[in-house]
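These are the structures, in structure tokens.
Okay, so chain A shows up in both of these, paired with chain B first and chain C after.
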Partner chain A sequence: MRFLFKTDYQDDIRLFPHSGYVTSYGLLLAALVIAPYVLSSYLMSQLVFVCIYATVGVGLMILTGFTGQASLGHAAFLAIGAYTAAYLQQFNVPFPVYFLAAGLLTGVVGALVGFPALRLQGIYLVIATISFAFIVEEIMARWESVTNGNEGMRVKTIQLLGATISRDGPTFYYLCLAVLVLTIVGTLNLLRSPTGRAFVAIRDSETAARSMGINVSLYKVKSFAISAGITGLAGVLFAHKMSFISPEMFTLQLSIEFIIVILIGGIFSLHGAVLGAIFLVMIDPFLTYLKDDMPGVISGIAATFGAGEVRAGHIQDAVAAFASANGLKGAIYGVIIVVFVLFEPLGLYGRWLKIKLFFQLFPLYKRATFKRQKIYVKSERNR
Partner chain B sequence: MLDFVQQLVSGVALGCVYGLIALGFVLVYKATEVVNFAQGDLMMLGGFFAFTFVGILGLNYWVGFAGAVICMALFGMLAERIVVRPILGYPQFSIIMATIGLGYFLRSVAGMIWGTDDFKIETPFSQGVLRIGNLVLAYDKLSVIAATIILCALLYLFFNRTTLGTAMRASSENMLAAYYMGIPVKRVVSIVWAISAAVATCAGVLLAPITFIHSNVGLVLGLKAFPAAVLGGFGSIPGAVVGGVLIGVIESMAGFYLPQGWKDVAPYIVLLAVLLLKPEGLFGLHARKKV
Partner chain C sequence: MSYFRAENLSLHFGGLKAVDAVSFAVEKGEILSIIGPNGAGKSSIFNLISRIYPPTSGRIFFEDQDITRQPAYDIARLGIARTFQNIELFENATVLSNLLVGRHRHSTTQLWQELLFLPSVRATEKAHRRRVEQVIEFLDLEPYRDKLISGLPYGVRKVIELARALCSEPKLILLDEPSSGLNVEETDDMSFWIRDMKSELGITVLMVEHDMTLVNRVSDRVIALNYGRVLAMGSPSEVQHHPDVVAAYLGA
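Our next item is the complex of A and B:
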């Protein structure tokens, strides 16, 4: 076990506290760089989605995880980013320009949403962001001169420095990966700056933050703007990956998926956003596997344990029917959310920390280390 | 003018359904400070139970109605026991997410069991109309309005006049203090969930002749009930119904007088306006800040 002795403030806020970090993240980055030459094209496509979802997750983590402002409207920010890109593309605006413009515009919209949200707390904020997302969705569907309404818009491939970046090629993957890595590094730097610490202070106690001299309104608006801006950048990549966008892609369902990303990953750390994105995107391949292979596997097991030929066939049909039932994905989402909230509130990253601590402290690990505190007394109504 | 009154009545009828769902939100919120995002889905499930009893098993309408209410009350207690009780006392966000998860689960399971088609329940009052001069009012819409008024009055009396109702209000203010005063907080919360599921079922069954029952109806209507609950002030029983009626009327008027597209957005615009101008709602108590 390694002990870190911190002698000054710079030690405390280092990005890489010790050399182990450099090695492990270096290896991870190397693995991600060679991934296109190893993985199948389907998995590569999923990996691109992981990058996009993780970028959104990082944006949402700044707002919900670190500033404590829940939002169920991030699909709207993604939509604004995507539509800005698609619209500007029609006028042959180069990729870097509309990429940044989309981020900027979404950030401004985020700030505009942040202002009214200043007065709102908890549940009211959730409801307000849902309403905002609904209104944006309806605008996308009705403002036909710009968004082409429910017909949707085609998104052309990226032209950068004279080269064409196809949405299936490795270059597009590297682009998404670069955006994700830059976002994460930028966010880490933000979080160790005064702004980031103000965010965390607001999350932990607004009253205490205010009495320490933090301008709560200003930082809340900043948090909204940054979070929305990052989501807008992800929206551009999303639009290029889908190559076609229409209003019904940016529904409440998508906003909930983003919340699931950070909830499953662990709502207190940026690792969570990435882990959650991997988990969420990989549900689809898992379901395909369930549909194609699971019936055979289960009936094989049944046959081994003495079920007759006919029984095994029946079991196979039953499992196949279950696995291809219409709403299975929704049901799995529901169960996953409930299970994580009930049994793994710190998410996947929290589980990893627990396992790590278990081995570090080997015989002395106590479950109570990570126990949440229950508060029965305070009514959030009067806060 | 006649058009206006027709629109008004259908708006009020639709609004009563919103109001009934909002009533479910408010009940659970009042007692436990939990906002149940699965309320609309409980309504949908109640409608499907009633459809099973009346449409498939062929029971009498009223027997089926009562059966659905009882089943759903038990289901509400079960859902509370499994999903909500373990996380009571944790931050609100966790509980909101848990109920969203529950809603997802109920929607897709209902889709698997009953399919994704639209269903209709035959009711004793689905055919007739009431004529007042040139005005034609369908009985099914009037039945929703009447049932809402009755339910609202009963619940209001229950919360303000009975011991159990007082216990519920007490545990909403401060669970720990209520527990020290000898109130069985867990049982109280359980009963509140049963009542709110039963109210949701009433909404579902009454809704069935107007809008058909399908597995996504809960999501659509449940989200419209939020503006209703907020407009009325999130902790007020009459407020929920008044808010629901207002939202229903606004929606129906916007659909009639404004260009296409406004109908769906109007409730949310109203909601945002209310949150900005008067966050405590029409009937809400003014919350004082305590440090």
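Our next item is the complex of A and C:
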């Protein structure tokens, strides 16, 4: 184990507490930079989606993980970012301008959503954000002069400094990676300054936050605006990656996927947003693989255990029918969330911390270290 | 003029008069204790001062300024800090970041500066941390500074709440039962700290307390309440021997 001797207030502030962090994150960044020269184009495309989803995850983590305000409306923020980009593109607005404009506009919309949300908590806030998402979805479908309705909009490739940035090329990947890294650094900066601490204070006890001089309403609106703004920026990248956007891409299911990103990854930490994004992007090909191969595998197993040819065929058909049933993906998402909430509430990042501690303390690791403590002293009166 | 003054303060929940036309004044630099049986309205007075409840009627003055209609977060900015009877700490944060939240009323940096973590933000952060370390030293919290609140025992949390209030460098501090749940030794420490707060830091203390030993040791004056009304006011021994107070406690 490493023991840090702090000799300066700076030691508590710096982003990398010791040289080990610099080495490991440096190696990670180097690996990500050379990735386009090593990985196949399919994997690169997946990596771009990881970057985009992780950016949204960081945005949602600020709101839900750090400020404690749940939202099931982030697909709508993504849509607003995407549509702003597609709309402004028609007037030959340069990429940097509409990229920032999309973030700004989404941030303003986020703040506007934040105002009514000030009076709502918990499940009611979730309902309000879902309603907001449905309103936005409906506007996208109906406001045909701007959004082209259900026919959707084409998104042209990015033109930057006279060069064309193809959505499949390495430059676009670097762009997404840069946006993700800058978002994470900005968020970390926020978390080590008064605003970030005010967010966490609001999450843990609004009464105490107020009595410490924190304007709870103002900071909630700020949190909504920042979270939405980041999601809007990700929306622009999302639009370019898809090259075509239509209202049915920004449904409730997408918002739930974002919740999965932060919940599975590990709420309360930015590592969680990235790990959750990797998990979510990986799960889709995995489900496709199951759908294509499971029927054959299961009937094969049945055959080896003595099922006749006809019987095995029936089993294969039944499994195939089950695997291609509508809504199976949503059901699997639901099961994943339930399993994680029950058995690993700290998410993948929590699991990583446990594994790390296990090796650091070996052979003295105690399982009880991470056992959730029941809190007996909690005032309900001043809520 | 008094430093802090409550005039005819009332808080009614329907027919229940939790606080009923209570008037009192706190002089600068004194330690004033409020005592009374359970349900006498002691904590309600604190909740009125820190604006968790709006008063039904009456007015509150601090440094000759009417603060009755100020929003809750402004109370702390004026220099009134408080602790809670049942502890309201930020559970999933470290002791250090809990105490840094106490510095919030002194934060001057803008959002965009914080996003970039400009040198000015770094400088103010260091200044905040220097101040927090002084409070940590004052209350002997060094062993806990990097621990999460959720893993700490009750007695330590009680001290951390006091520390968080002190980090805001208040002029007036409201302590809601500072000794509840503490053992004899910890209560002793608490009484020393309360007196030091007055003599070394120059903070005026308004405190709700049940432990009469602690009240007698630290208080300059005592107010006794029952059923939301003031029974007696004066020096600790005067109040304790006041016939109405004896009747309220013993039912004689």
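Throughout what follows, the second predicted complex is superposed on the first by the 328 of 383 C-alpha atoms of A that agree within 3 Å, B and C clash if a C-alpha of one lies under 4 Å from a C-alpha of the other, contacts with A are read in each partner's own complex, and residues count from 1 in each chain.
Note that a residue touches a chain if its C-beta (ideal position, glycine included) is under 8 Å from a C-beta of that chain, and two chains touch if they have at least 3 such contacts.
Computed from a predicted model, the values in this text were never measured in an experiment.
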Looking at A:Arg142 after the superposition, I want to know if it touches chain B, chain C, both of them or none. Which is it: first, second, both, neither?
first
A:Ala209 in the overlay: touching chain B, chain C, both, or neither? Say first, second, both or neither.
second
Between chain B (first) and chain C (second), which, if any, makes contact with A:Ala128: first, second, both or neither?
first
Could you say whether A:Thr23 touches chain B, chain C, both of them, or neither, answering first, second, both or neither?
neither
Looking at A:Gln90 after the superposition, I want to know if it touches chain B, chain C, both of them or none. Which is it: first, second, both, neither?
neither
Quick check on the superposed pair: does A:Arg119 touch chain B, chain C, both, or neither? Answer first, second, both or neither.
first
Looking at chain A, which partner touches more of its residues: chain C or chain B?
B
Please work out whether A:Ser193 is in contact with chain B alone, chain C alone, both, or neither, and reply first, second, both or neither.
second
Residues of chain A that lie at the interface with chain B and also at the interface with chain C:
207, 375, 377, 379, 381-382
So in the complex, which bits of chain A are touching chain B?
64, 70, 116, 119-120, 122-124, 126-128, 130-132, 134-135, 138, 141-142, 207, 252, 256, 259, 263, 325-331, 333-338, 341-342, 345, 372, 374-377, 379-383
Residue numbers on chain B that touch chain A, as the complex places them
33, 35, 83, 86-90, 92-98, 100-109, 111-112, 116, 172-177, 179, 215, 223, 226-227, 230, 234-235, 260-261, 264-265, 268-269, 271-272, 275-276, 279, 287-291
Per the touch rule above, chain A residues touching chain C in the complex are 9-10, 12-13, 186, 189-190, 192-198, 200-201, 203-205, 207-216, 222, 268, 373, 375, 377-379, 381-382
Within the complex, chain A is touched by chain C residues 47, 50, 52, 71-77, 81-82, 84-93, 96-97, 100-105, 107, 109, 111, 114-117, 121-122, 125-126, 129-130, 133, 150-151, 154, 157, 164, 168
